[in-house]
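Dropping a structure here in structure tokens format, bear with me for questions.
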């Protein structure tokens, strides 16, 4: 357990509902460690943007506390929270040149024009925009505006950085490029960062830790690898990464019954008859028949998606369509699932 | 389509072209076009005392309307834009609709009632005139300003400024006002054009010495045609200059968000 | 902000409230409020022959303006929207700017010049009145229609319809017109409200028997205050009813794309 | 070679420039076979949307011919080309219910109301929207609107289907789902389809063949696997999939010199001293040192992106950062590149 002092930002039992609705966040406990990039993911309406507004101080929680840099932030207005924000639409000031946008927080802090210009230019250099310093936001591309917004949010050395869907206005190729850019800046500054996104791939590939939100609650927090490999429940498993998910019924200490058939698992320690969810990640599906036919199924490939370094196929056997991934070319007539790749999860959302 | 458009434009511009021709014409009586060419009518208008006074009154009223409009309109537009409540939005709808829903004649008569009472005996003063013009033009200014605020996503800019450390007044000075420079300019020039052309309300609430140009102009219609033409062209040029400047100042996107020409 | 807004609304509505009070008041002379209560003034207005004629003239002109406006305005708006050329766009800008840039007085005088000539001696006829109202109101209708066409991405809908097999007229009937129903309705009701309230042009081009309501109303101002108030309230209610209906018909997005209330 | 009759659509030497510019398409030869899904990819402004407008008949080529169903389409107006179109913004008719939208092309073909309603409903059932038939487009989600647009473009059994960036208005998860949906419909109808997209992953995973456009010209046409494995030039290699691309100089029959160092390749048949581009796909980078140190490099991982079934890492050795992919966890201190994974491509765009 990390102590409170190690957190740049900590939320303790924070709740908030929009007036007259049930929508909001409920009993959220979450700590963002110094220097870490924490991604908050969830589908739209899950409360992740509300959470960001609470941290930034634009919303006041009805219950619980927001601790920033070890201090209760309840009485600190947004403008004094010393937290850098980047919006989906960048929210640059259209009448200020790129460098003036970046220098604005320094101006507010009373720095002399020459000093703040120098600092802003240095910051623009770090985001690779030194040649665009005199341009207005409308003269910059989407990716460049994004970089200016990042520079502006970092230049005053805030205690934390909050990114609200910063990449969703960019197109596919640029989005992947900007992931690296954001991560690099975040590492260079060693700044605690909350990254709000609905794109699980973005979260997994960038974050030190990922918090998964559902219906205003945080259902799992962990490293990307952990979230992916040991999802807390069926919904998290389905939301994070590709997944084969079936309902199952325990039929023995190492057996579970699914609509695909009876699957051998590692010892799972659950009682016979229990209803569970069964997860098999597509890359764990092996091609060909296993010794003694264990967890092996014959069938046909009904769809084959070439994704460059690998292919993702739909494999139809009996009534079930299974998702698999392989880097091997060639026809597939049978697959098998190693027992240690069959994961037993609690059915539905009723916790770990 | 091209035919309809052309016919419409001809229909539109024939009267205006005739005015120009008439203002330079020698004599004109029951013929399609006047005969002769003279700049005499313009000289007569320029030397007419009541026209000169009215010209300056119009400019004065116009300027005052613009200045007060800017001072009152900007915070008002901001309040409408930022208002979360449905009530304020409804009120702003009413304000926008006013120039269409309430004929200026009705408003003018209301003004007469208010300002001819013993308690507020200001009828005929320049300030009542300015007040009237303000009511008639402010909706257009507000509409332009609020439209541009939405277009510019001012609320988000403000959130950003707030997170960077700016308080309310700092934001208003550094973010809101500069962002609105252009739309304030274009809105005010529209206000100016409307104020200069206003007749209905002015005709009823102006005193003899504070009659603005259009009111005096009406009397010219009963005199020599050439004189009336020249006097009308002066008004047209004044209004066109104002709105032409407005068109140049307007944002590229004005077609989308209203009459902010 | 709330204070400014409240003050402005008070300033706006006081004259209108006074009108209502006055129209039901018994006697009113140099006091802030009239004394007594009577519906007599309304009965007088209703029984006055010239007011009755003017009332029906106004409705007739209004209806004709709406019908002709719809027939001319829809293809015109469509032509402006579809026009690729810069020239047509420039022409459309001029049409939009007209009601602001050219004071109605100027237009009215131009009309007098055109229609008092021997070749077109139609001054005083109902049709000249309708023509004038058309010029004054069409820009608002066009602005509403073109704004909605952009908002609805009509061009893309048409490409889709074309690829599905629809020719020009089929598209116009099946896609363009139905899409515009709502904005045509709201635009026309605005046209109606403007037409009913129009005074400046009507005052100059109307004949004695074709005087619309606002022109006759002006004369009432020189008579009994209560009578004038009642007559004005009638006009206000007429215009309010029209624009109120317009507000209800308008699209939710109208705040974004213009005065299409 | 396919004969002309086998093509649903064929472009022969088609050129078009927008008035007063050089922008457009130049000398395009392209055939879309019956029943095939052909993706046209390229960055924005490469001419791919112009190509679609030419096929649909909205633009008339200045040179060359468009052959649809074996007939020269020069005199056929767009409304008679019998080609189904789907736009990025769907372009549904807002005043018609979902079923009326779908039934509209049948109405134009003079079908009776009851007949066309029945056909439209059957079509809506196929796209899973039978319960939404009476709703207006504004009452449907983005994905549902997309399905209605597809149903409308297919219901009149057109000769071909043209999709113009159909997925770019959807969010990440829905986009992947709709890929499968579009592919399924296209297969079920066996309809020749041109799919315009800027997203190379989308193209690779969906298409039977991919055409890559650059500056108004088609630079390569082939199966996804072929485009990925044997790109025609450096630019195609960079645009399709992830890639390590370096400039190189041939130093021997099996040697090429790059800034990474000297690399051993398969026999490449190029003259010593020639300037070339060298391509290594990230998944071909192997972890650890090879026997005899062949193409082996020591270094450190500077960035590590977890992507669920694998990770993509930046590996820094000397002055070069190399992109690699692996499904193995653990630290990486050295990598090597098998000689058959080092591809020699012509430098720059000067043809194959």
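Which chain is which? They are A, B, C and D, in the order written, and residues in each are numbered from 1.
Heads up, the rule we're going with is that contacts are C-beta pairs under 8 Å (C-beta built on N, C-alpha and C of every residue); 3 or more make two chains touch, one makes a residue touch a chain.
The structure displayed is predicted, hence computed values, not measured ones.
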Whole-Å distance, C-alpha centre of subunit A to that of subunit C, is 55
Taking each chain's mean CA coordinate, subunit A and subunit D are separated, in whole Å, by 27
Between subunit C and subunit D, the Cα-mean centres are separated in Å by 54
Touching at least 2 other chains, the residues of subunit A are none
Contacts with two or more other chains occur in subunit C at residues none
Contact graph of the chains (line, ring, star, complete, other): ring
Pairs of chains in contact here are A-B, A-D, B-C, C-D
Residue positions on subunit C within touch of subunit B in the complex are 1-2, 4-5, 8-9, 11-12, 14-16, 18-19, 22, 30-32, 72, 75-76, 78-80, 82, 88, 91, 93, 95-98, 100-107, 109-114, 117-119, 131, 135, 138, 140, 143, 146-147, 150, 190, 193-194, 196-200, 204, 214, 217-218, 221, 225, 228-229, 232, 235-236, 239-240, 242-244, 246-247, 255-259, 261
So, in the complex, the side of subunit D touching subunit C is made of residues 56, 58, 78-85, 87, 89, 91-96, 104-105, 108-109, 152-153, 156
Per the touch rule, the subunit C residues reaching subunit D in their complex are 152-153, 156-157, 159-167, 170, 174-175, 178-179, 181
Subunit A contacts subunit D in the complex at 43-44, 168, 171-173, 179-180, 183-184, 198-201, 204-206, 224-225, 228, 240-242, 281-283, 303, 305-310, 312, 325, 327, 329
